[in-house]
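Please read the structure below before turning to the comments.
Chain lettering (A, B, C, D and E) follows the sequence in which the chains are written, and residue indices restart at 1 in each chain.
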Amino acid sequence: MQNNLPLRRKAYCGTMNFMMLLCTGITVALTFFLIIYIAVESIPHFSVKILTTKPSYLDDSIGVLPDILNTIYIIITTLVFVLPLGIGAAIYLTEYAKSKKLVGMIEYAIESLAGIPSIIYGLTGMLIFCQFFSLKTSLLSGALTLVIMNLPTIIRTVQESLKTVPQGYREGAFGLGAGKWHMIRTVVLPCCIDGIVTGCILATGRMIGESAALLFTAGFAHALNGFFDALTHSGATLTVALYVYAKEQGEFEVAFVIAAILLVLSFITNMSASYVGRRFQKSKG
Amino acid sequence: AEMTVSTDGSTSMEKVIGSLGEAFSNKYDDVTFTYNPTGSGSGITAAQEGRCDIGLSSRALKADEAKTLDGTTLALDGIVVVVNPANKVNDLSIDQISKIFKGEVTSWKDVGGADTPIVLIGREAGSGTRDGFETITNTKDSCKYRQELTSTGDVMTVVSKNENAIGYISLASMNDKVKGVTVEGVAATEPTIADGTYKIQRPFVLVTKKGAQLSEGAQKFIDFAFSEEAKPILIKAGVVPVAKK
Amino acid sequence: MLKKQGTGINVEQIAHMVFLFLGIINVGFVLVICIYLVIAGLPAIKEIGLVDFLFGTKWASTAANPQFGILPFILTSIYGTAGAIIIGLPLGFFTAVYLAKFAPRPVYKFVSPLIDLLAGIPSVVYGFIGMLVLVPGIQVIFNLPDGSSLLASILVLAIMILPSIIKVSITAIQAVPEEYELGSLALGATEIETYYKVMVPAAKSGIAAAVVLGVGRAIGEAMAVMMVAGNAPNMPSLFESVRFLTTAVASEMSYSSGLQRDALFSIALVLFVFIMLINATLNLVLKHRGKN
Amino acid sequence: MAKVFQVKDFNLYYGDHRALIDINMDIDENAITALIGPSGCGKSTFIKTLNRMNDLIPSVRTTGSILYRNEEILDKNLDVTSLRRQVGMVFQKPNPFPMSIYDNIAYGPRTHGIKSKAKLDEIVEKSLIDAAIFDEVKDRLKTSALGLSGGQQQRLCIARALAVKPDVLLMDEPTSALDPISTSKIEDLVLELKQKYSIIIVTHNMQQAVRISDTTAFFLLGDLIEYGKTDQIFNTPKDKRTEDYISGRFG
Amino acid sequence: MAKVFQVKDFNLYYGDHRALIDINMDIDENAITALIGPSGCGKSTFIKTLNRMNDLIPSVRTTGSILYRNEEILDKNLDVTSLRRQVGMVFQKPNPFPMSIYDNIAYGPRTHGIKSKAKLDEIVEKSLIDAAIFDEVKDRLKTSALGLSGGQQQRLCIARALAVKPDVLLMDEPTSALDPISTSKIEDLVLELKQKYSIIIVTHNMQQAVRISDTTAFFLLGDLIEYGKTDQIFNTPKDKRTEDYISGRFG
């Protein structure tokens, strides 16, 4: 019984194999091109000055510190709002909800939220937060817009990790006469905290990458402010700054520097998410 | 308590307002100055809705806007017609410019350049620069743009990268990545704009709400903007200061 | 003695109410967004006329005699998205099958973080690189006066949706019960035959979901496209500068006023309706899958 | 003998599907009652009703009556927490919480408000001793319970159930996931516990039912086919279906 | 009697874990060989070796020799496709492909290059008849196989295996997911198939082994403890462990 596949079968297998290798090759090559191109173009322009100053018109210099800070501020603010909202909703859906109709409605809402493009979030955020709630174009408006935008991600990942908690734990706790909230607090949540953290990290990655929703809600000033001051003022995050520098001002050097920073951030979020995720898997045994 | 001045509007005024604001903040430690470069249209709306202290417009107020708003011209800005530095064309008449942008002249050969197609780069509808340019060159509504870009910097980038391109930008943003052509023999400079010999120009306007009391910080800023001290800053930013009426 | 339930409110009940509220609030958000979009979007449509708005072929929002036809944007969005799928789907699909089923462990471990990285890169970075590499490249290769074009947008979109197509397809393929695989191998089929003739068809609704997801992402992308499309309101053509629904909103928003501004909100409303239709499709696909 | 449970005309529906049909059954105190029957016949459903664990499934509806020590437990206003405290449960798959051994046992008492360290220590020790696992774990009470073997985990779960001082113990196939040695340890333990508790146990292993139970109930497709002394059921079944089942003709 | 398989000093490792230990066993032609033993003893591992389905698990290593009709099947260069064509397999959980009934059966022949519609029709019909399911599905050959009941699905899978004209049929607990009626249909079918095929069947149900098999092999923790005529194994087991197992003392 030596290898003797008919030619037709051999040809089919060969073609499919070739296509797969080709496509994977293209994908990998593309990724490497992006990484190397950005690295080569940005490394010469990195300097302590560009990372630690704000842009000045008077002496014609550029720094990205305000953008870095704005990014951090907006992420912190968003997380502060989105975590309780998202985790709470996820808990409701997986642990409490009984009515199929209500669950269907909420899940439909979440799906809809997830599908809305960011430019529409930008517009409605502008209408609702900047105008209706008169928060002006500010980091706070931007953060609140991001809250709604990222709710679905948070809810879903939390739901996913809640679902990985073995039903046996819940039954065990109920069987001992624990109430539902008590059971969730003492057994379920401690069990899936890593999963929730993974979700947060991934959501953070999305927030860092967001631009269209922030352009009209958080604006693109490069002012250097303290946390609370910054919330009430307009400010560019790194991505928005990249857009502005690259597209509107033709400042490619700084744009490359920001692109490199973003690439590194994306790498870090992915790595830490998969690290925490792996730990999560392990603890599940 | 700390005072704030918020300005919102024209992106063409970015350099001017940015420089003024920076100098202003340096001078008054207790005033926070913010500038939100959103566009003339949003700036005017923002001033109307009270979302900012001062709106910034790179065009004169329209009649219906002037009913509720005050516009004060801060400076004059030349709109420079720019081409790629490699382009041999140095001078164009208003008529030629108009024909080019209307698509009646499509090759650089017809205006003394190489035998290559002309690529028209414009600004998006609503832009103050576009409005000013089209009004003066009499090309309103009839420009055949290949690209409509949302900022001055973008126009410069595209023109600097494409040998066939022609565009228009604010003098304030001019640098040597692109080449400004003379219009009917006159180059856009501070004196030619001030005396009106350079034809394509428009005002930079500070917009405030009619009848409303300006905040103390905003008043300080306006005073500063029209002070002698501000003049060199405006000139350095590439615009021609105008005395307050 | 067994206790009867108390009538007072206890922690458990409060917790229940709080979580219920947090769940319901999501519905509130969707409603608010819909309502705002409709309120902001309808006036202009009413003034312009639905047919003129949707099927008008000329957009000249600030002309002395303004025209607000968004057919060019609608078509551009459709063509652009279709193009991105045509390029991105096969590329992503074959990569996904390879990674899910064939890749040796080390290759998988090496490539899958790359895909994650690709997925995590912000869209403006894609736009930026596209603007610097693709646009001049297209200009030179196709000998065009200018490279900002529908083609450039399609390529950027295809690359952007690639990681999500790959990831969703991988999940779909891996979710196919192993029993199908075993069944086919046990009949003497080779692995490639097994995967393409049994596993992939079994995963087709999942892969369809990947496509719909890609469509949603492509049709909704604004910033990256804005940087490479040229943004002239032309009828779509591969080598012409074009404007998408998303970029139509984004590019004129800042300077807009009056009817022009309202019309931009109407465009957003149209885009929203498109997206909702796509989501509904996605739901159908997923539900269909649930049934199998 | 006193009865812990009196089940009268009890029916249970999952949505439209009637999973238990007109069950009538009195369960003895301080005895071991075995429930047998092929897969899907409703054994788990029935046992879960006895401490209202079925409440977790929204589609469940019941009719009829179940008295636990003369109190109706199907009552909507019943405080299930206190019922479950008295009617403890051990599951098929050992399900210790992902915490230390000590915390596992202390979980129940803590839930019911016991905070004193000394008191808890005492309960933990006593429960572990009663569940015949104390010697094996006494040196590592603070280590994770997930590190124990399957059989140890199951005894830990029994200890955990004992820690809240129940009256009845429900066991749903407690040994089906275990090896022979662990199984026989648990069987011995169950026989031991019978002194103090009433035990209801579901099993697939006919020999197990014979070895440990006093009374056996045979279910088939939701019906209680035969119920009586274990000896009688296995030696002289009255119903043909019982006979077929215990002789391995199906299931 | 002729032997289909001759297993000599066969060992199988999952990484470092030796799951099968020095197995020696000759398997008869046109007979039914039952493999029994408690969970995890290596029955599935063994049966999967016979058509090299274990190749799918990267950590598997083997030593020793297995001859199938005098050809070594552990050979690295063996064409597993043709081995698997001759040594078919039916799994514990019925696993029809998500396609029509017809396409399920035609899948194998098509894969092996048969294209003619008439030929395929004939094979499909014949296989369905041989698997004793033709009458039940003949009117809906074009409908999805997933719409069949569990028992029908399992017979469909048997038909699918028959369609490539195998020589041996491996069955890994083919009835454990089925109801009593389906089970007995499959048992009848297996007895029928014995005329034309050699059958190796894993089962957890001792009565089933007694009812259908000619020879029985008892595995325990990777060891082949006892192998012989079914009658002898169940009536006069030589090994104490076999006796314990068949009398339900564990497992």
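By definition in this document, contacts are C-beta pairs under 8 Å (C-beta built on N, C-alpha and C of every residue); 3 or more make two chains touch, one makes a residue touch a chain.
Heads up on the chains, UniProt names are A = Phosphate transport system permease protein PstA; C = Phosphate transport system permease protein; D, E = Phosphate ABC transporter, ATP-binding protein.
Computed from a predicted structure; not experimentally measured.
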(request) Determine the set of chains touching chain B that also touch chain E. (result) A, C
(request) Name the chain pair with more contacting C-beta pairs, choosing from C-E and A-E. (result) C-E
(message) Suppose each chain is reduced to the average of its Cα coordinates; what separation in Å results between chain A and chain E?
(response) 50
(message) Roughly how far is chain A from chain B, centre to centre by C-alpha average, rounded to an integer in Å?
(response) 37
(message) Centroid from C-alpha atoms only, then distance chain B to chain D, rounded to Å. What do you get?
(response) 82
(request) Could you list the positions in chain B whose residues touch two or more of the other chains? (result) 11, 38, 150
(request) Mark out which residues of chain E touch at least two other chains, giving numbers and ranges. (result) 81-83, 111
(request) List, in ascending order, every residue of chain C touching at least 2 other chains. (result) 190, 193, 226, 253
(request) Could you please specify the touching residues of chain D with respect to chain A in the complex? (result) 51, 53, 56, 58, 80-85, 88-89, 91, 93, 95-99, 107-108, 111-112, 146, 157, 160-161, 164
(message) Per the contact definition, I'd like the list of chain C residues that touch chain A in the complex.
(response) 11-12, 15-16, 18-27, 29-30, 32-33, 36-37, 40, 90-95, 97-99, 102-103, 111, 113-118, 120-125, 127-129, 131-133, 159, 162, 166, 190, 192-193, 196, 216, 219-223, 226-227, 246, 249-250, 253, 265, 268, 271-272, 275-276, 278-279, 282-283
(request) Would you pull the chain B residues touching chain C in the complex into a rising list? (result) 11, 38-42, 44-45, 116-119, 124-128, 131, 140-141, 145-150, 158, 161-162, 164-165
(request) Spell out the part of chain C that touches chain B in their complex, as residue ranges. (result) 60-65, 136, 139, 145-146, 148, 226, 230-233, 241, 243, 251-257, 260-261
(message) For the complex, give me every residue of chain E touching chain A.
(response) 71, 77-79, 81-83, 111, 113
